[in-house]
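Listed next: structures, encoded as structure tokens.
Shared between the two complexes below is subunit A, which pairs with subunit B and subunit C, respectively.
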Partner chain A sequence: MSYLLEQVLNGLSYGLVLSLIAAGFAIVFTSTGVLNFAHGSVVLLGAYLVAVLHPTIGFWPAVLVGMAGSAVTGVLINAVLVRNLADRKPDTAAILMLGVDIVLLTELTRRIGNQVLTLGAPWGASVVRFGDVSLPTGRVLAAGVTVVAFAGLWYLFSRTDLGVGMRAAAADGPTASLMGIRLSRTAATGWALAGVLAAVAGVFLTSFPAPGVAPTVALSAFAAIPAWVLGGFDSVPGAVVGGLVIGLTSALVTGYEAELEPFLGTGFGEVAPYVVMIVVLLVRPSGLLGSKEAVRV
Partner chain B sequence: MSELPRKAGGAVLVLVALALPLVLSDFWLQTGLFVMAAAIGAVGLTLLVGVAGQLSLGHAAFAAIGAYVYAYTTGETTTSVTGLGLPPVLGLVLAVGVAALVGAAFSPVAGRLRGIYLGLATLGLVFVVRHLLVNLSDWTGGFTGRSVESFALGGFSFSNRDPDYLAVAGVEFEGLHRLWYLFLVLAVAACWLASNLRAGRTGRAWANVRDSETAAAAMGVGVAQVKASAFVVSSGYAGLAGAMLALAYGRVAPDVFGLTASVDFLVMIVLGGLGSVTGAVVGALFVTALPLVLAQYSSALPFLAAPGSGGLDPSTASRIVYGLAIIAVLVFLRGGLAGAARRLRQRTSTPAAPPAPRTPDDGDRPVAVTTPRSKETTR
Partner chain C sequence: MKHLPRASALSAAAVTLLALAACSTTAPSAEGGGGSDDVATGNGVTDSEITIGMLTDLSGPFAAGAAVQVTETQAYWDQVNADGGVCGRDVTVDVQDHGYDPQRAVTLYRSMAPDVIALQQVLGGPTSSAVLPLAEQDDVYVGGVGWAGSALAYPNNQLPGASNAVQAANAVDYMLDELGVAEGSSIGVVYFAGDYGGDSLAGAEHAAEERGVEIVAQEITSQTTDLSAQASALAQADVAGVVLAAAPTQFASLAGVLSSQGADVPIIGMNPTFNPSLLTTPAADALLANAYSITSISPYANTDAPGVQAANDLYAEADPDGAVGWEVPLAYVQAELLKQALDGACESGDLTPEGVVAALGESSSVDTEGLLPDGLDYSNAGQSPTTTVFISKVSADADAGLELLDQVSGPSAESFSYGG
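And then the complex of A and B:
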């Protein structure tokens, strides 16, 4: 029983980290209509900055620099590349982001090389015990930070002019523009927010129980894509739900791999998120909480 | 622009390709095989993404299916893997057929989703197929893959044996030379079929659905059916490309058909220009040959370091060049290389012509002014 509970808690905390990344996808998508394939590299960039800077300036300042670095990268990608696309269509933008991802990821991979950089997180490899269930401190902290982050996002989107402006811009860009909302500003805010969330997620994805900062982190951030799709393309609460579902699924499938192996084969934990995604897309093409796409002629 | 110069150009290219094996070294022959296989996959994808407007990130999955179906149906049963031992020609047909069938099986998803939504669903397909390839090891050989029987046609083998010695104009024709001609025939046939599909009724229906599903339905086009047909045709192309890759490598392994391969196919057609068959071929040439050539000649290039020395090694350099190429083409060249070529042709052939009227969707496409038949819906 405690094994099951441990898997569930592990899955939920991992799912919350995924939902940070998924929220980044959703925010960029709603504010600029771009499917940000480079998001995984931005996650890796944030973690990489922390890993490289923490010996000289300390962990917490390094986290701040990592967040700022990821946010600035996102804003620059949008301002320099996305806004200057020759052909402004969602598909083209998605392919552009694949190109950006290749450049960013190759450069980061080259810098990291074959080593696994340590993150230098102060909580190290410590474990928190709840009765007979133990969880890595990093995961518990991640869950707490994620809840705070989503509370902050909720406040931003429902209580501040900037957030309401972003929602208006997402709902109807041209009309919002006529009402005096500066679309360039809402777009930049969206990309910056996504970058900050990515860096935070990167820190938690690379601290214990993960070994450290390695190029594969960008790929594990890819697992957030099913979470995002599952929740609905344009919904931040959907990202939370999707992240939790995906986190739980992969934790349970991995945790009970020995029992599942005869039917599903080894390593199904990595594939399970995508299977869930395809099934959900078949039943509900716009995700669990996403709004239906309006079709105009 | 009359059709004649284009046809003449194509004929010259084919003649050059026919003569090349007489002079090329084995490295270039091998590169050429990979390019031709990739070109067929890219042409199939450009029909789906460029003409029918359905983004697919799952092209490598269908290529994998083609490659493994060929390897399984033609292979012999050994201690580690099973095989059917069918004739290679049948294996090639089955590779295309099964890939197309799987595409058809996936088309309920494809028919319901559009654009990036479909792209994301097909992204899942790559991971699922990879999982199957690793786990169905009786058929696929698992992680390490399995070897592939060489192609043969009526007793003539496309390998170094049977006949043992074959020479044309004093050049010994080994497996690579023989495969080159097989691939050339397949590639030319695939491009010809794709051009005709695109220019014909099917292609117009695809383009119509791409531009507006509602309008297409109002014109009497069965939207779901047309979208499914694009998916099936493109999957068949991918299956053929996969089987050809298997033949060129002599081995199949799951890692060849990962997400990177899917992205590579997409990059080929974007660089070349979405919807253009010639563009897809040029894109395949660039994307496939660049890393191989950089690796082969890295010692001669001063800015490249040896792999592992911490400097800019050839594979890193080619990845960065190719990422930057995508960005540059998308930001500066509307319509990719094909679009640039079209604008250049227009500028040189009709210097005094007034600027062509612009359609809202694709601003640079000439409308019926320069072509006798209006082709603007099919690029």
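And then the complex of A and C:
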């Protein structure tokens, strides 16, 4: 029983980290209609900044710089590249983002080399024990931070003019613009928010139980894509639910591989998130919490 | 007139096809410089020069390690040239960057093949899988493609030491013989999907059957950087040890999580799983306590071996500030293996691509001054050239983080055979 509980907690805490990344995808999509395939590299960038800066300025200031760096990068990608696209179709922007991803990832890979850069997180490799169950401290913190982050997002989107403006811009850009909402401002805010969430996710994705910053982190971030898609492309709550579902599915399928192997073979844990995503989309084509219009884009 | 463009397009296509066919059927040895001595020569060889190729990854995921290998390789051949060269000729290295892209590797191979006698290295699994069959058709020697058993099927390939399956079988043997793992217990195998991991799993399974232990397998990909779920599953299965055929990130995560769960068991990583930078991560203590590395090639710190000392000295001179690690002895020994094959071809009077492959097939006892186990046998095509591997302990005191414990050849490694 404690084994099941341990795998469930593993899965949920990992799922919350994924949901931070998935929410970044969703926020960029709602604020600018872009499928941001460069998001994985932005996650890596945030973690990389923390790893290289922590020896000189300390871990927490480095985290702040990492968040700011990722946010500024997102805003610049939007301001320099996305806004200047002559053809504002989502598919053109998506291909542009793949290009940005390659450029960013190549540069970060060159800088990181074959090293595994340590993040210098003060919680190190410590674990928290709940009875028989142990969970890495980093993951417990990640869960707490994620909950706070999503509470903040909820407040922003439902209680502030800026957030309500972002929702209006997402729902109907031209009308929102006529009503005095500055679309450039809501778009920049969306990209910046996604960058901040990416950096936070990067910190938790590269601290214990993961060893540190290596270029593969950008790929690990893509594990959040099924979470984003199954939650509905344009829904932040959907991203949270999606992240939890995907985290739980991977942990349980991997954890019970011995029992499942006669039916599913080995290595199904890697595929399971995509299978869940496809099944959900078959039943609900617009995702768990997505709006129907978003899917038709 | 209406059909003319189509007809001309067709004929253009036909001409192109003919041209391509002509290219691909040109025997690599059909041209090339003549020799003033009694040696027959072919592609990549002139009276004064031998050109060898190196297809590596200078812009993709393995760029950093590849750069170390290029530096060391260049330094090796410079030294050989200073000592008189090979067969009275200077050796030049044509280094090309495939960026870990198999398509680019094939294109580069095609353009390089007519001008080189052999390829010292094609770095990377997917890239070498793409190049090996072409090189086999052309009868061109290819070294440095890693240790996957699938590469052994090509007689033109030279594996630098024991294959992945032999390493993994030795890992299981070592756990039973030296690390106190009892018969009847379970051993975890965490492996990358693909050639490298699949071959390692096959070796571990063979050893498990021979030695009466149970294998608990966990397949992962390089994206899996948090091995919490896998570690919990292994701890739940009460494994007495773990064999890891993955990359450094996975080594650190697995060791760290197992240790945090109180599973104090030995973890043995295969060839490329250790990197000295892991000792700066939070998993360092767990690695120092429980981690071992089995390698086909001697660890960097084994300077008792004259070959390793020579490799390290050469690198220190070529790049005093360069990152040290297992790439240094690896690049040196790959060059050394090719040099021995070139020397063999020269001695038999056939300094052509085919002559190099033939010399490789006849070498049944290759020594490399301790860089690889002695007595490598490349005459038995399809099988690992040796069953001996190096076992090292992760150590904070050793250079590059690995301290050599022993060279071992376990009973299961010796009884393992491909296709058998």
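Following the convention adopted for this analysis, the second predicted complex is superposed on the first by the 293 of 297 C-alpha atoms of A that agree within 3 Å, B and C clash if a C-alpha of one lies under 4 Å from a C-alpha of the other, contacts with A are read in each partner's own complex, and residues count from 1 in each chain.
FYI, a residue touches a chain if its C-beta (ideal position, glycine included) is under 8 Å from a C-beta of that chain, and two chains touch if they have at least 3 such contacts.
These numbers were taken from a predicted model, which means no experiment stands behind them.
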Clash or fit: how do subunit B and subunit C relate after the overlay on subunit A? clash
Now for A:G255: first (subunit B), second (subunit C), both, or neither, which partner does it touch? second
Could you say whether A:I278 touches subunit B, subunit C, both of them, or neither, answering first, second, both or neither? first
One more residue to check, A:Y48. First (subunit B), second (subunit C), both or neither? neither
May I ask you to decide whether A:F233 touches subunit B, subunit C, both, or neither, giving the answer as first, second, both or neither? first
With the two structures laid over each other on chain A, which partner does A:N84 touch: subunit B (first), subunit C (second), both, or neither? first
For A:L117 in the superposed arrangement: first (subunit B), second (subunit C), both or neither? second
Subunit B versus subunit C as contact partner of A:Y3, first or second or both or neither: second
Which holds for A:L96: it touches subunit B only (first), subunit C only (second), both, or neither? first
A:F25 in the overlay: touching subunit B, subunit C, both, or neither? Say first, second, both or neither. neither
So which subunit B segment collides with subunit C once the two are superposed: 271-279, 307-315, 343-351 or 361-369? 307-315
Residues on subunit A touched by both subunit B and subunit C 106, 109-110, 113, 266-267, 270
For subunit C, which residues are in contact with subunit A within the complex? 59-65, 193, 216-233, 236-237, 247-249, 252-253, 256-257, 259-262, 275, 277-278, 280-283, 285-286, 323, 325
Looking at the complex, which residues from subunit A come into contact with subunit C? 3, 6-7, 10-11, 14, 106, 109-110, 112-118, 121, 124-127, 134, 136, 139, 205-212, 214-217, 219-220, 222-223, 250-251, 254-258, 266-267, 269-270
For the complex, which residues does subunit A have touching subunit B? 35, 81, 84-87, 90-92, 94-96, 98-103, 106-107, 109-110, 113, 225-226, 229, 233, 265-268, 270-271, 274-275, 277-278, 281-282, 285, 293, 295, 297
So, in the complex, the side of subunit B touching subunit A is made of residues 49, 53, 55, 108-109, 112-117, 119-121, 123-125, 127-128, 130-132, 134-136, 212-215, 263, 266-267, 270, 310, 312, 316, 319-320, 322-327, 330-335
